[in-house]
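Heads up, the next two complexes both have chain A, just with different partners, chain B and then chain C.
Coming up: the complex of A and B.
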């Protein structure tokens, strides 16, 4: 594809844009520009600031004072949603923002109709606009079908068609390929290329390096809220890109253990259609197994299979020499498997309840007598023990859980499951949204649990965290195990190269093949 | 099966049409007069109030809300206008109708403001409103009926269009209440289908976040839906007085369940965004036929409510199963075939 170097002046330019949330600098002094007729890839790890940047462009967030947004030659301190749309900056979010119960044509032409004069619908106009937009994209379809009856790929087309009706100059696509099959990705890329050739500027966000190298003209890498680099594709290599994405020095102290003894858990070739394929690994007593990979690689789905939340179609799970097939969390818990979910606030805790109630919830039966009356004294004692063991602060059992800090909330979720005396503890993104100091504390806690003989699985997309505590690291990519490496031998670049499609080690050809299937 | 037949069967209204047909056949077999023109018109006349109120409820349910105070609104309007007519002898029916619509609309406005601006859950706001209205009516009427209404409204209630003498005496024709029901339906249909307002309500009911992103004013749209529901309740209330020739302040206790039941029977989803005037009409007729058919078959009214309840559960379960299958089929994402 042409590099469109001839288009000189950027349509959209950000100068010195920062965004601070209480306690977090999401973006710092970002300079960024998009020209008409280019696909500009935006790359970064989870939490690098991509979403914040998009939301500033779309007018959802107001940047901190001092920065300038320049659109079509006009400078703004910040944009409103209306101004942003008025300038043709249209974001297609991952959920597409469609109206599920309205027809395709109405979804496409909705805003145009609402902005037109009069109070009646002009259905003929709706039909015409929708047909024209789809023709522009080069796709055909039933205009009268309800949007929620469409497949994900087709819903995306409707969302793109709608952006055309808005007269989009800059189209922001957030992870547009995350739910598409390879054939659908090809079709999408044809459309993206076509729009670029028609002179649209496209901001394309994706984790899949393969795709970025196929589609983009320029690339911008964000990391920890900073812009690391912007370069034309020709100046970028996979290796360079990965090192830019990962970048930071591994300063975190490593807390590796002895590496475990007897095998507690053995997973053999488990498959689940659409989730993961042919996953095998072992877990030893006293070790921490880190599982990493990009979002959507099937990490969470895999561990949910161990906890009875996502039963595999085939394959075997062995626990201490016995074959198990947990069908519900309750069953898994009885078998001695504990699971600390990623979203602790919604899945792991009852925030309005106090610490004691939360901690003792899974073991409430133990305090009940035959008449199901609860021995509150016994319960209080046990709760206090656990609070002490995990060093929860403040150490009041009657404190409302929502009032605690993120790190302490996480400790309570872990405490809750420790109370069940599990053989295996699975934690999913244990330090998500927790500040740095508390992170280390959680890591220490996990390490000490392993040292006491527990087998721990930690899922995380933060590579420093994986490296900090994992005795072994399992990397997943697109539903499969792409590597299992020793924690001591691993570094960020190695893990990242196993995580991305067509990483460092000449997977390019295979990646290409996948797209032709 | 041809595609066309399949398409018709797939339509949301299909299940209710089938059920309706079954009920009609059973009712006809039990009593041949069921299908007579005269009986059909009687059925529609006595269910016009339900039908008009259901149109308002449909619009509220489309926003994803619910209006529990619909029974209270009906009772309030019948009592206030009835009292006015009785005390003053005022009998300008157009003004009475307008007055009823305004009273209903005002109650709807209060509901709407509580729900959209104070963010009260619709079920709580309207339940509270219903309790207040019923309490007020008990205090105001002491439960006594209002009789001796002006002759004009009684005559109005007996108007039949295209009437001719029936076989067993009396007049047979299209009752005026049917016309009012028809007007309410056409008005609602037109609004939902042809106006930007109606389309915005459908859109918002389907996805509030998307609606906000395209700049719809969710608060105003929600408020409007309750005002519309209240106005329909006002229209229904005066129509009720014209049929009954008197006012019973307790007539509408528990009536909200009939109205909501009819709308839900008609295929509207309580989650919002989904439902139609045609479906709601069929839902109302289903209600009407069951009770009429059972009456003709001399089955006690206690059994009637049991049977109505069972049918609501059956039809709605059927819809839900169908919906589940559809969404399951649609959300299935193809797995990416991997080359290595």
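Coming up: the complex of A and C.
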């Protein structure tokens, strides 16, 4: 592997790039460059701004005014997708963006056909182009097979081949190894090295530190939309990288409780193929159990099993001494389990309906008399109570939910479950896309619910959030419980090291990972 | 602070409130009144007659009831293309039984009719359960499920009847479709009762609210602990019961049952639903809106008929009105989205 640090000028250079979304500064004053013939790793926690950065490079997002994108010596305030592609900046997203029902050759030579002026497809040309691209990668394969019939690894090759046809100078690979076996990863790395040696610049995004140290020449760390560091691999260590990723040890104000009393829920060795494996934990009355891990670690899948959305293949779930196996949310609700899903827009709320309809949905049947007639007055009163209890603003029951802010929408989702008086409240990424003020409000709310005796499970990718409220923290990695630690003992570095493959200790040392409670 | 008004609202206040709450109903009512006036002018002395309104009452009921059955399905974001074929399958089975029992001659007319009606409703409920099962539990798209069952139900009907009509019911059975009470057709009375029941179920019960919620976002509704499969199944059963009632009225009016009766009603029912303000994507709509749309379509077709305009022209006009209303809907809802942003 050559360490191409002598390559002269960067092909791509970002100066002072920022991107603001309503209420969120996704990127702030980023300087970043990529040279031809290097693999540049981009690292950061979920939400650090990696995706935003890629999308700016690909021309999907327009950065805020004031920054400069310099490509091949030309300066732009922002790129369009067309300009970006014209300069050979090609992104391969996690889903590869292939046309699933089209053949391999059609996928690879797609651009060529788009550009051709004629009315008819020149199939011979398509085949030639596709074959050439695959040959260049050193891959043989059937050109006529449909893309969705291929394995993930092969689909990825098709996507890379397509990038070659686009004449890629800078190839962006977003978590390219997340769905690959280790053999496939080796094969991919061979190709990546080959492309680098041919003079391509590659931006490589991954959570797997081992891989980053294997493949990259330079590394750039992002955190909370800021660039923290760029350094050659030789100057980085695993430990340094983790501490750069998570930042200062000092976290926000902590709201820890007494730590709970009686065990309410006991999960014993539940497994679901491809989702989670051998997951066990307990949950006590009055505590908040934080569950964290990287995206794809199986957190959501696990808690969905408790809510009847993802039945485990094996293992047992015990609620207050009774074995349960909820098969639908309706059953879970009857058992006293409430679930605030990750996406309030598509799973939590019926957006075009009003607040009253949403907030009373799980308890609607309680307002009906023997003739099934809803007592609308009673329902209105209850809705108003709930709105007041959680301080939803504005406090109109008849307001369309889509018009409320994210924080207030989330309060409605929580309120509708509080109305059912649940034993267990499960919240998945409760402050996703919510501004800082409302975040703290939600945290306080969860804490006060726990203090009142509710058992709370909070899934979150944001470590500061986990640390802010969790009495205990369960870390998942690749579908398994990698650690359960006391909230008071936890810090970001510890949690991150349990989250990433290899972690601080290099390779898995299962024996050393504490399962203390 | 707003001034508190302790006076009871006057009729004027209520009307204004009503207009504000539901401008679409007002729009439909205006269209209806406008059409009645127009027809009265175009056909003086012939449209505004008791006889004509009685005729409309006879014709409207079966279509109106089918339209309600369609509307509730569309409110969930689905569609029921098998509506009329389940109606006729039930009716044919009932007709077959009634004829056989009538020929045997051992039972009283009333018990035969009762058995006939019960069997019609039973068969249509079964049809509804089949649709509901595939939509809610198997998860097939409603349009495909009901397209399939439409063909199946129709095929069974044809197989039973060999393509011809079944007649020979007890004489009294005809009364349902052609009798009157103080000059008001029974069918119209039945239609009104059905409207009231449907309005109550859809607008006043938890099931009705769930229908709208499922139509708005099935996943979020399910995630709120609502058994959406049950809600959906009941929707298709409700739709089928409407079909069954309409089937009874139809074979009584024609005094025979045939597989292809009412075949144009399916599309017309969809048209009435949409014209009445139900979003084809689900989540909104009112029973009264559909009723209003049925009235409009009925006035249109009766009026044209009296004036002597060709039936085909009536179809063309109906189609054009539908397209116009949908286009208006499209632009007004776009406006709404733009404003909310």
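Here, the second predicted complex is superposed on the first by the 501 of 517 C-alpha atoms of A that agree within 3 Å, B and C clash if a C-alpha of one lies under 4 Å from a C-alpha of the other, contacts with A are read in each partner's own complex, and residues count from 1 in each chain.
What we mean here is this: contacts are C-beta pairs under 8 Å (C-beta built on N, C-alpha and C of every residue); 3 or more make two chains touch, one makes a residue touch a chain.
Worth saying up front: this structure is predicted, and the values here are computed from it rather than measured.
Engineer: Fit or clash for chain B plus chain C once both are placed on chain A?
Structural biologist: They clash: once the shared chain is superposed, the two partners overlap in space.
Engineer: Thinking of the overlay built on chain A, is A:373 touched by chain B (first), by chain C (second), by both, or by neither?
Structural biologist: Second partner only.
Engineer: Based on the superposed arrangement, let me know which partner A:111 touches: chain B (first), chain C (second), both, or neither?
Structural biologist: first
Engineer: Between chain B and chain C, whom does A:416 touch in the aligned arrangement: first, second, both, or neither?
Structural biologist: A:416 contacts chain C only, not chain B.
Engineer: Now for A:9: first (chain B), second (chain C), both, or neither, which partner does it touch?
Structural biologist: It touches nothing on chain B or chain C.
Engineer: Just chain B (first), just chain C (second), both, or neither: which does A:119 touch?
Structural biologist: Touch partner of A:119: chain B, not chain C.
Engineer: Answer with first, second, both or neither: which of chain B and chain C does A:362 touch in the superposed model?
Structural biologist: second
Engineer: Scan A:339 for contacts with chain B and chain C and give back first, second, both or neither.
Structural biologist: In the superposed model, A:339 contacts chain C only, not chain B.
Engineer: So, A:351: does it touch chain B (first), chain C (second), both, or neither?
Structural biologist: In the superposed model, A:351 contacts chain C only, not chain B.
Engineer: Under the stated touch criterion, name the partner, chain B or chain C, that contacts more residues in chain A.
Structural biologist: It is B that touches the greater number of chain A residues.
Engineer: Where along chain B is the clash with chain C: 131-139, 167-175, 257-265 or 275-283?
Structural biologist: Of the stretches 131-139, 167-175, 257-265 or 275-283 of chain B, only 131-139 runs into chain C after superposition.
Engineer: Do any residues of chain A touch both chain B and chain C, and if so, which are they?
Structural biologist: Looking at chain A, the two contact sets are disjoint.
Engineer: Quick check: in the complex, which residue numbers of chain B touch chain A?
Structural biologist: Touch residues, chain B against chain A: 193-197, 199-200, 202-203, 205-207, 209-211, 213-216, 273-274, 326-327, 330-340.
Engineer: In the complex of these two chains, what residues of chain A are touching chain B?
Structural biologist: On the chain A side, the touching residues are 81-82, 95, 97-102, 106, 110-111, 113-114, 118-121, 148-152, 179, 181-182, 184, 273-274, 277, 478-480, 507, 510-514, 517.
Engineer: In the complex, go through chain A and note every residue touching chain C.
Structural biologist: Those residues of chain A that touch chain C are 309, 328-330, 332-334, 339, 341, 346-353, 357, 361-362, 364-365, 367-368, 372-374, 400, 402-403, 416, 420.
Engineer: Spell out the residues on chain C that touch chain A in their complex, using ranges where they run on.
Structural biologist: 200-201, 204-207, 209-210, 212-213, 216-217, 219-227, 283-284, 340
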